[in-house]
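Going by the order they are written in, the chains are A, B, C, D and E; count residues from 1 in each one.
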Amino acid sequence: MSIFVQSLISGILIGGVYALIGIGLTIIFGVMRVINFAHGDLLMLGMYATYFLFTQFHIDPFVSIVITMPLMFLYGAFLQRFFINRVLDALPQNQILLTIGLGLIMSNTVMLAFTSDYKILSTRYSSSSVSLHGISISLPLLVSFAITTVITIALYWFLLKTDTGQAIRATAQDREAARLMGINVKRMSIIAFGLGSALAATAGALISPTYYIFPQVGSSFTLKAFVITVLGGMGSVIGATLGGILIGVAESIGGVYFGSGWKEVVVFVLFLLVLLFRPSGLLGKSRT
Amino acid sequence: MRAKSSLIIALVLTLPSFVFAANAKVKIGFVNSITGPEAPIGESLTNGVTLAIEDLKKQGIDVDLIKEDDTGKPEKSMAAFEKLATSDHVGGVVGPYPSKCAAALAKLAEKYHVPIIIPVASKDDITRQGLQWTFRLSATTNDYATILLDMATAFGKPKTIAIINENTDFGTSGAKSAKEYAAKKHLTVVAEEAYAPGSPDYRSTLASIKGKNPDLVFMVSYVADAILLMRQSREIGLTPKAFLGAGAGFATEAFAKEQDISNNVFSSTQWTQDVKWPGTKEFAARYKAQFGKEASYHASTAYESMVIMGQTLAKAKDNPARAKDLLDKGSWNGIMGVVKFADYAGYTNQNNHQMLVEQIQNGQRVTVYPPAYVSGKKAVYPFPGWTK
Amino acid sequence: MPSPSFIRRKWITSAGGKRVIPLLLLASGVALLALIPLSVQSTYALHIMILTFVSIIMGSAWNILGGYTGQYSVGHAAYFGVGAYTTMILLQFRHIAPWYGMWAGVGATIVTALIIGSICFRLRGPYFVLASIAVAEIFRVTALNLKDLTNGAEGILVTELPPLKFGDTVITDFTTKVPFFYTGLITALFVIFVTRGVQHSKLGYYFQAIREDQDAAHSLGINPALYKNIALVISAVFTSVAGSLYAVYVGFIDPGTVFSLDVSVQIVTIAIIGGIGTILGPVIGAIVLVTLSEALRSNALTNALIHAGLVNADSRVGVFLKENLSHAHILIYGILVVIVILFMPQGLLGFARRIVTRKRKG
Amino acid sequence: MLDVRKVNFAYGDLQVLWDVDLTVNEGEIVTLVGANGAGKSTTLRNISRLVRWSSGSILFQGEDLGLLQAHDVVGRGIVQVPEGRRIFPEMTVLENLRMGSYPSGVRKDREHNFERAFSLFPRLKERQKQLGGTLSGGEQQMLAIGRGLMANPRLLLLDEPSLGLSPLLVRSIFEIISEINRQGVTILLVEQNVYQSLRIAHRAYVLETGRVVLTGSGADLLVDDHVRKAFLGM
Amino acid sequence: MAILEIRHVSKFFGGLAANSDVSFEVEEGSIVGLIGPNGAGKTTLFNCITGYYAPSKGDVVFRGLRMNGLQPDKVCRLGMVRTWQKVRPLTNLSVLENVMVGALCRTNSLFEARRMAQEQLRVVRLDQKGALLAGALPIGERKKLEVARALATRPKLLLLDEVMGGLNPAESEELIQLILEIRKKGITQMVIEHDMKAIMRMSQNIVVLNSGEKLAEGAPEEIVSNPRVIEAYLGAEV
């Protein structure tokens, strides 16, 4: 029983970070209808930024988010402005290949700059934990979950209450109607990609104290982000939040009851089942 | 090409051979994972080779080194070897790192009659195929596990063992060896977990292992996951009598530096910085000075392989066939101890390398087993528990 | 309102129009290719050509499903891997020669493809893409975990190939690259001819009709589910053959080399860079990509510069190029992919055609 | 106020508008009538700059709209209520209305415009928390018009506002259109409901296959034989 | 004899009825006009008849066969084919190939299909343009192409969805002649059309839909003088 609770809790905590990754991807997909295969690489860039700030300027990883986030927002905006915007009307497989190419460029540039060594970012608290009734909870994971929660709430507020946030949602729901409202949809796309990048990078920053960093780290997160997004419903922010936590828990519990080796199968089978029986995702509205 | 090389052999045999002629020039191919997933370790190999080239130069051997990236993929490795053998006409090849690439190249070496020294790829099968042109310096995967269990049973009386390994070639075969050897040593395997590397969360796996309360926790993983596993073991309070790391990630500086979690962890290794083999200390110091980090056994095996290949080819006048004979018969004593490529126990041209066990004591990597190689500090056993 | 994309997609060939001269050229080209092993001594070159043939098979196979039928699978590693694994498992553990095992691989792939098809073809667009990725990943993880069958992550290493015999006559013992060269060449040509055959048949028209407009095709008496599955099976079978060929040639497979997303992406890249929906697109894509990535990997550029005497090997520039270009080859590759997508969205073949038409017009 | 001069437009190689000329004066209701595919919606889409004509010009208060982008046009006071309403289905009524006042110049009047929308369509006030996609067709049309009014339009382009509505609703929609016009908003209306639209229009244009074939006051066209023939085949 | 019977067909989307309780019959060899304001449910009814939707209630009976739930490809093979309101040419195939795809429904031989396609192209007078890409045709010719492609499947019943929409009067006239020619070949047709003039000239029977329900049915003269139809179509004079 305590193993179950232990797995459940660590699954939820790690799921929070997954949720951020998924939300970023879902915003990008929602607004642009482009599957971003470079999503994990954006996360990787966030990790390296955090690592760089930590080793060079001794800025705590959790604090450095305030620098990483806007920086990666600008980077994402740049990518959208000069690359993605050009293929918005192109064939889907060309869009996919473009983001794959961009991902290769990112990871290999980083490899040239930082070598392909694993970087470990060790803070005082990297391996500390709090214990509650025999259930141990990783302190950095707890902090990152708290930050994730704050960011997610802030994001909801942004999307629900501000004009720009609503305009992004409007663009996602009906691009042309949005133009008729005087919304500059190109700019919304740029903001959306910037936001997606910033969220992925933040997720990277948040796990860097407890994880490790290397140029190819992104690919497994890209796959994970796909699963999360489809699970929640492509384009649905709430769905991605739940999807992230669900995947975190499924991995964690699946690891205990099916063995670590099979837990990925559990995740992908879950993914396929959702695709088959609710292709619009758990919370997505079916679109025609 | 064959005709050409036999011509050279004829020439070599008829001429009086000047061994170690001043400024011998040799051409060596170095197949390595410069990019791709194996690149972090590839870098250690590159660094080791760089030092070897410097040392060979000091000995009057000019190495024309041709570096080839295999991106960690067998077919690219093959392409590299084909190029080295047929268009660059190298005298010998050192590398590659991943076992799957090494396995592919071993066959090519046989085909092209170009000797290859494999520094550290550890898959047992590579030197078990009776191949004459493939030489391996390092001990095999099997040995990573056996030395650790030998040590653990020598230090105490453990009864149970949990095996955690990453789901890779090295991890799986390491775990397999551990399981087989554990049976011989009358240890009960209470848990076997193979995980996919790269997951940020192993807590549930570790928690279920903790529930089984094993005496030994045996792990095979690369550095990143090694740190992660130990961090999370600490988090959930997994405290066996000993943490045994089968080389790779556990025998690295990066791991040792994480004192909170690395303290008192054992790791099997091909080489340590304080082992009493000739030149070890100097090599370690130079490496640190030049590359800003501690040398790993990957670097030292690559170094020694290159030195051996360089010297041999110089002697063989860059002639592959002659180099092969020299490798067969020769014996070296350098930073990897005595190296001799022998045929034994089903192996061909396999150096029967002595594995070591190091323990991390307050960030220092100390050789603690076998007793003959211990330089001073004693092993801490059993595991005294986590520092708060 | 007509779909604005039709202007952009004109380059996708449609069937029709036989020409004699290209056929003659083709025949002489094939003859030349067949003579290569007799004249070319460099096994390095043969190796690159064998890899090119495997890539042509992979790209052309994908093209039947992706290019002609419009189903953009990013999970073809599943078929590649099933072919490779079936062949290797039978060879290693059952001692069945690969030229028989390959057919078992084809059989296994057909079953696999039909199962995957029945699942994934219920989805369209991005959902189909993601489902295809998921399926391939399930295969990879399963291969990792079914240790008894697949030897898990340790992979399967084949040390010896049985000779190919006809009766008691040994046809080839596969000790050199030449038999692999011919096997690859013949298979690649076969795939190209099948593609051509498909394009000029009812099947091809039906595939293209589904690609162009599934609903319209449905109204004209075409059962999209049936024909999509047919396209998938053809495509998967050839991909499986490519997998078997690769496995036997390299002699080693593990889940990471044959089932990974990288393989799927590589397959798609070959077709798209060359130009999809055309017979020659994947061929050009394979030739360009294999040669290019090998040239980049082996740092041919630096060597050429040094060889030409433009850069001194020991000068700072020479050393810099030697050290860094070998690290940067995947980066350069990525940049080239991005450039092609942005500036030649129809692939190299489409781009070339456009230039030719423009010249003719101008 | 709005001056469309000799506008030609083609989708790809398919020409939809041929030398279309039309003007809208301040304070008018102008109706465009014509069969499906005659180019009525396309004319509106050109004015909104969703698409760009190939030759000719469109001037709004002397300014060349060809130099602007769609979102700038809204800022100038030209607002289109599109055919099929195009409500944002996963946003609430209130949010949909808010989106109407997205241009930075009109946000300050947001509260006032909410009031105007709610007083014209009290129904929307009741439903303000409801998601746009769950409204009935009539309510969606009200919301679409209300949303269009949020941007302080000087020229309102209405594309088939009565489409798919019950006769009762159709009547009230036209009443509201007149009411909006009385409040000082110029209106360019595209309608297939010929009687109703001609009845409230000051002037009207008849489009056929992308050409203006007839123009006149609403009352005149209402009794015009050609119009009756064109739309009833009598 | 009725070739097609629509019996109490209803189609709901969510709670919304796009068609409710529509019934009528199509006489073999006749042309039936289906009219009604936008959103009246004409295209939905076409979709229910041709297998794109299964009717929520009621039956579609074609030549005595109940068609509910049959997929469009089966429907086509049974001899009922439709065109699309928004033309759907297979843009990257040539004009001839487009029609061949239709003909391949009845033959496996490309040669035969090509012959049949050329024949149909002659019928719609596109035989000179067979080699062009379908995407390059102007709208009027695309409409004709669509008709030729449908005819190539050798239908008994042809359903034309706003085949004249967006055409100029000359082009419309050409299509009207074409439809009348097709009738002479014994092919029954059901036509959705807004151009009342055209409908009046072509149809023997007209069905009027409004808000998903059948508002009226009858000969053209009856329909045009029916006040309810005038109200629905031109808007009520209040």
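Some points to look at:
The rule we apply is simple: a contact is a pair of C-beta atoms (placed from the backbone, for glycine too) under 8 Å apart; a residue touches a chain by one contact, two chains touch by 3 or more.
Everything numeric in this text was worked out from a predicted model, so none of it was measured.
Looking at chain A and chain E, the chains in contact with each of them are C, D. Farthest chain from chain A (centres taken as the mean of C-alpha atoms): E. Of all chains, the one whose Cα centroid sits at the greatest distance from that of chain C is D. Centre-to-centre separation of chain B and chain C, using mean CA positions: 35 Å.
The distance from the centre of chain C to the centre of chain E, each centre being the mean of the chain's C-alpha atoms, comes to 43 Å. Measuring from the averaged C-alpha position of chain B to that of chain E gives a distance of 75 Å.
Residue positions of chain D touching 2 or more other chains, listed in rising order: 14. Residue positions 1-2, 4-7, 9, 141, 144-145, 327, 330 of chain C each touch two or more of the other chains.
Each of the following residues of chain E touches two or more other chains: 136, 139. Contact residues of chain A toward chain B in the complex are 2-3, 6-7, 10-11, 14, 17, 108, 111, 115-118, 120, 122, 126-129, 131, 136-138, 207, 210-212, 214-217, 220, 248, 251-253, 255-256, 259-261, 263-264. Only residues 160, 163, 166-167, 169-170, 173-174, 176-185, 285 of chain A touch chain D when the two sit together in their complex. Only residues 48, 50, 69-75, 79-80, 82, 86-91, 95, 98-100, 102-103, 107, 133, 147, 151 of chain D touch chain A when the two sit together in their complex.
Contact residues on chain C toward chain E in their complex (touch as defined above): 1-3, 5-7, 9-10, 12, 14-16, 200-202, 205-206, 208-209, 211-213, 215-224, 277.
Only residues 29, 33, 35, 83, 86-87, 89-94, 96-98, 100-105, 108-109, 111-112, 219, 223, 226-227, 230, 234, 261-262, 264-265, 268-269, 271-272, 275-276, 279 of chain A touch chain C when the two sit together in their complex.
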